[in-house]
Amino acid sequence: MAVIGTPPLEPATNTSNDHLVKSDDSQHPANLIPELCAKFWHLGWVTGTGGGASIRQDDLVYLAPSGVQKELMKPEDIYVLSLKAQTDPKQRIYLRSPPSFKPSQCTPLFLAAFNKRNAGCCIHTHSQWAVLITLLLEQSGAETDIFEINNIEQIKGFGRGFQKTGNLGYHDTLRIPVIENTPFEEDLTDSLEAAMDKYPDTYAVLVRRHGIYVWGETVHKAKTQCESLDYLFQLAVEMKKLSLPWLSNIV
Amino acid sequence: MAVIGTPPLEPATNTSNDHLVKSDDSQHPANLIPELCAKFWHLGWVTGTGGGASIRQDDLVYLAPSGVQKELMKPEDIYVLSLKAQTDPKQRIYLRSPPSFKPSQCTPLFLAAFNKRNAGCCIHTHSQWAVLITLLLEQSGAETDIFEINNIEQIKGFGRGFQKTGNLGYHDTLRIPVIENTPFEEDLTDSLEAAMDKYPDTYAVLVRRHGIYVWGETVHKAKTQCESLDYLFQLAVEMKKLSLPWLSNIV
Amino acid sequence: MAVIGTPPLEPATNTSNDHLVKSDDSQHPANLIPELCAKFWHLGWVTGTGGGASIRQDDLVYLAPSGVQKELMKPEDIYVLSLKAQTDPKQRIYLRSPPSFKPSQCTPLFLAAFNKRNAGCCIHTHSQWAVLITLLLEQSGAETDIFEINNIEQIKGFGRGFQKTGNLGYHDTLRIPVIENTPFEEDLTDSLEAAMDKYPDTYAVLVRRHGIYVWGETVHKAKTQCESLDYLFQLAVEMKKLSLPWLSNIV
Amino acid sequence: MAVIGTPPLEPATNTSNDHLVKSDDSQHPANLIPELCAKFWHLGWVTGTGGGASIRQDDLVYLAPSGVQKELMKPEDIYVLSLKAQTDPKQRIYLRSPPSFKPSQCTPLFLAAFNKRNAGCCIHTHSQWAVLITLLLEQSGAETDIFEINNIEQIKGFGRGFQKTGNLGYHDTLRIPVIENTPFEEDLTDSLEAAMDKYPDTYAVLVRRHGIYVWGETVHKAKTQCESLDYLFQLAVEMKKLSLPWLSNIV
């Protein structure tokens, strides 16, 4: 990891640093991302090359490429960049690039989670349950930019918030902000960051008619929070079909 | 198993008894629990570190830790305690503890099944079907603390009750009590035990807006009863969507 | 297969013929049944030890035992009997029995498919879609003892009938009779056989609030017809939710 | 690939060219088709031998046979034909045929995608979501021969059209034509080709009460477009249950 602190001046595409994605350690980000993405594909979260995942380790950020079949990804497909070295928001400098892919349009959104929340992992899914939740909120006509649910045990799967200790309680209301989708995924960055500012404790932002971004301090936390959210979204859709309200007054 | 009868005086965290979780036997509890939990993860029962499982073998109780990704669990993650040695309900004494986890809050609930029913295995899931059943009962406004269904073949998958011989019949009504959830899982213990007293033949207790505890004399029985219950809960939710009643008068 | 023609006089439980379930051939019935049952478990057809499968090869019938976890079955768990040797419908004579199981209550129902239709394989599932279809028919109040659907491509997955050539056409109506459930599975035999007499071309019989029996001349046909039926049952339940009729007048 | 350009004069069934389906390369069509079909079986797309897939490599077309269990297919089950050598639409000439199968009735439909669109892969599924979409359109009574959806991110998974550059945008409306089913699958060819003419940019055609044909320039594109479509069909069915419209006026 001697790379940290030595700002890279390499061109945008670079395969000379292949050692950055080669490791015998199953917990190395370049091994973990393909394993996670394959799991997510089987959960229906990253269908048809949609969605993705990124892991940050100190200053290094590992990213799945754009347009790849997520259940077939390999460590050599991974991009690596240095957080510190990104000075121009319009242009990414990669320490290591795979030869035959394009960088993911999700990159600036993943970086927002790393920069603004010091996250260690960020996951983006196109989960149908997440999309349906945003459509149901839109349909409701009421406050449509926030999903709220309380008094469900699985809510305890979320941390209380950035730099806070402990997890939400059973009676706490989980609030996930919703931002409007844009034709180009990079253009979501501003509204994602605005939602992070407005809801400083959230670990996720829903994107209307699109999906969700979920992060956490570690891969473990990002992944289990993403699972818990998807559980709650599916439950909430079923509750809607059965005329069961998402919020209740149990104390 | 020389440990039985020799009350442990070790401190709460103890990794010196690692031999208790090391075995080449695939049927050893420390091997079975990770295998079961991985299976349950794929069934959606233990999403986002929720839920868990415990096996009792004579006096020894094997427990999954808190907050672990259930599909990734390993034998060395397992806690072991001696039933007899637990004298103080507020403090657990573990014969063997993994180095980097916390004990599960489900522990006193698992122990209730072992102590009060002599169960050999207890499973806790956050199944969405179980949660929806408790919500539908709550919504009905009628008797909300018991789920009842009859005249479905799968009901025959349940034993007639504690210390009784044989299984329920097709025309018998399966009754699963529901208890109210509490902010801290340990605080469910009293109401779980009360439900076990009130329904002495039940092999399961639903927890409102949370999930279910299911047990059996053996791993086989706990696991297959848990499967049968989940089947019935999913069926019952679909029946509700299709306006089909859970109870009928077929003789 | 020298066993054929030599009526067995062994007692009901018999492990001396273990060679009948030992084979290196993956297509041997004792290897196929566990493989099929594991697959069926993952499809939700044989949850909680429910359901099962049987294969006939010439005079020999191979059967899954009662009460076994279907995804964990092994070749040595298989029962074998000779069709010819079964003279007393009340008592089965087994050529080979596993040491620690009980014969399946489905046995006389499987034998009905073998004896009356010369089937090579019979599958019994507790599929929730099958159960819901029988409940929807019961609810309809109209003719409730037959499921009918037409003008769906998957109908072409069924043979035209016993000793007939070719498959059903797209415009043909698939008809699956429904019999009422009984407390003891063996007691279904008479009504199953009556349904087979009344509907001589059917390859399946639904059992109200219970599941389905499906057979075919070969393992391939029984399994693919069972899959096609489950596909149609799930589709029909979804059609019901969306107010789409099962029968239409397309020509 | 010396076969290309040398028109085959072999009889319709031909196993002498077995080298055409034997390769150590996992990306060889004869290896890819079984792998894809097994994956599709687990997705519920090719239940009960329904559906299939074909890959074209230059002039050679590789085809899954008719009536095979799609999760059990092997490279030696694959048919191979030369596109150029097909002069009579009523009779296929195969370079290589498996010994014990029949050619798929889907063959002329796959060839339509190869001939008219220069596709590299064509997939046919019986997806229940696709079938339900065609039933919902039929029920609507309005324009029933086209499925339309817009303002869903996953739409970006589709190319803009034949010989066009780039993909659809978020605000673009995805249009998938629907043709009526016929008793014999080959008879769909004319209407499939007519739909391709009427909708020159579509990569898929729905078949009422039957399923869908999806193609792409490469295996990657055909498969990911098929996944994206199935995602959208499932989403659209759920939207219908929740009274959410498929088309919206977001700009």
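Of note:
Chains here go by letter, A, B, C and D, matching the order in which they are written, and residues are numbered from 1 within each.
Operating definition for what follows: a contact is a pair of C-beta atoms (placed from the backbone, for glycine too) under 8 Å apart; a residue touches a chain by one contact, two chains touch by 3 or more.
Bear in mind the structure is a predicted one, so any value in this text is a computation, not a measurement.
Counting steps between touching chains, the shortest path from subunit A to subunit C takes 2. To fit its Cα atoms onto subunit B, subunit A must turn through 90 degrees, a value rounded to the nearest 5. Centre-to-centre, using mean CA coordinates, subunit B is 33 Å away from subunit C. Once the centre of each chain is set as its mean CA position, subunit B and subunit D turn out to be 46 Å apart.
Chain contacts: subunit B has residues 241 touching two or more partner chains. With chains as nodes and touching pairs as edges, the resulting graph is a single ring in which every chain has exactly two contacts. Which chains touch which is summed up as A-B, A-D, B-C, C-D.
Within the complex formed with subunit D, the residues of subunit C that make contact are 151-154, 157, 169-171, 220, 223-225, 227-228, 230-231, 234-235, 238-239, 241-244, 250. Contact residues on subunit D toward subunit C in their complex (touch as defined above): 44, 47-50, 69, 126, 128, 131-132, 135-136, 139, 181-183, 207, 209-211, 237, 240-241.
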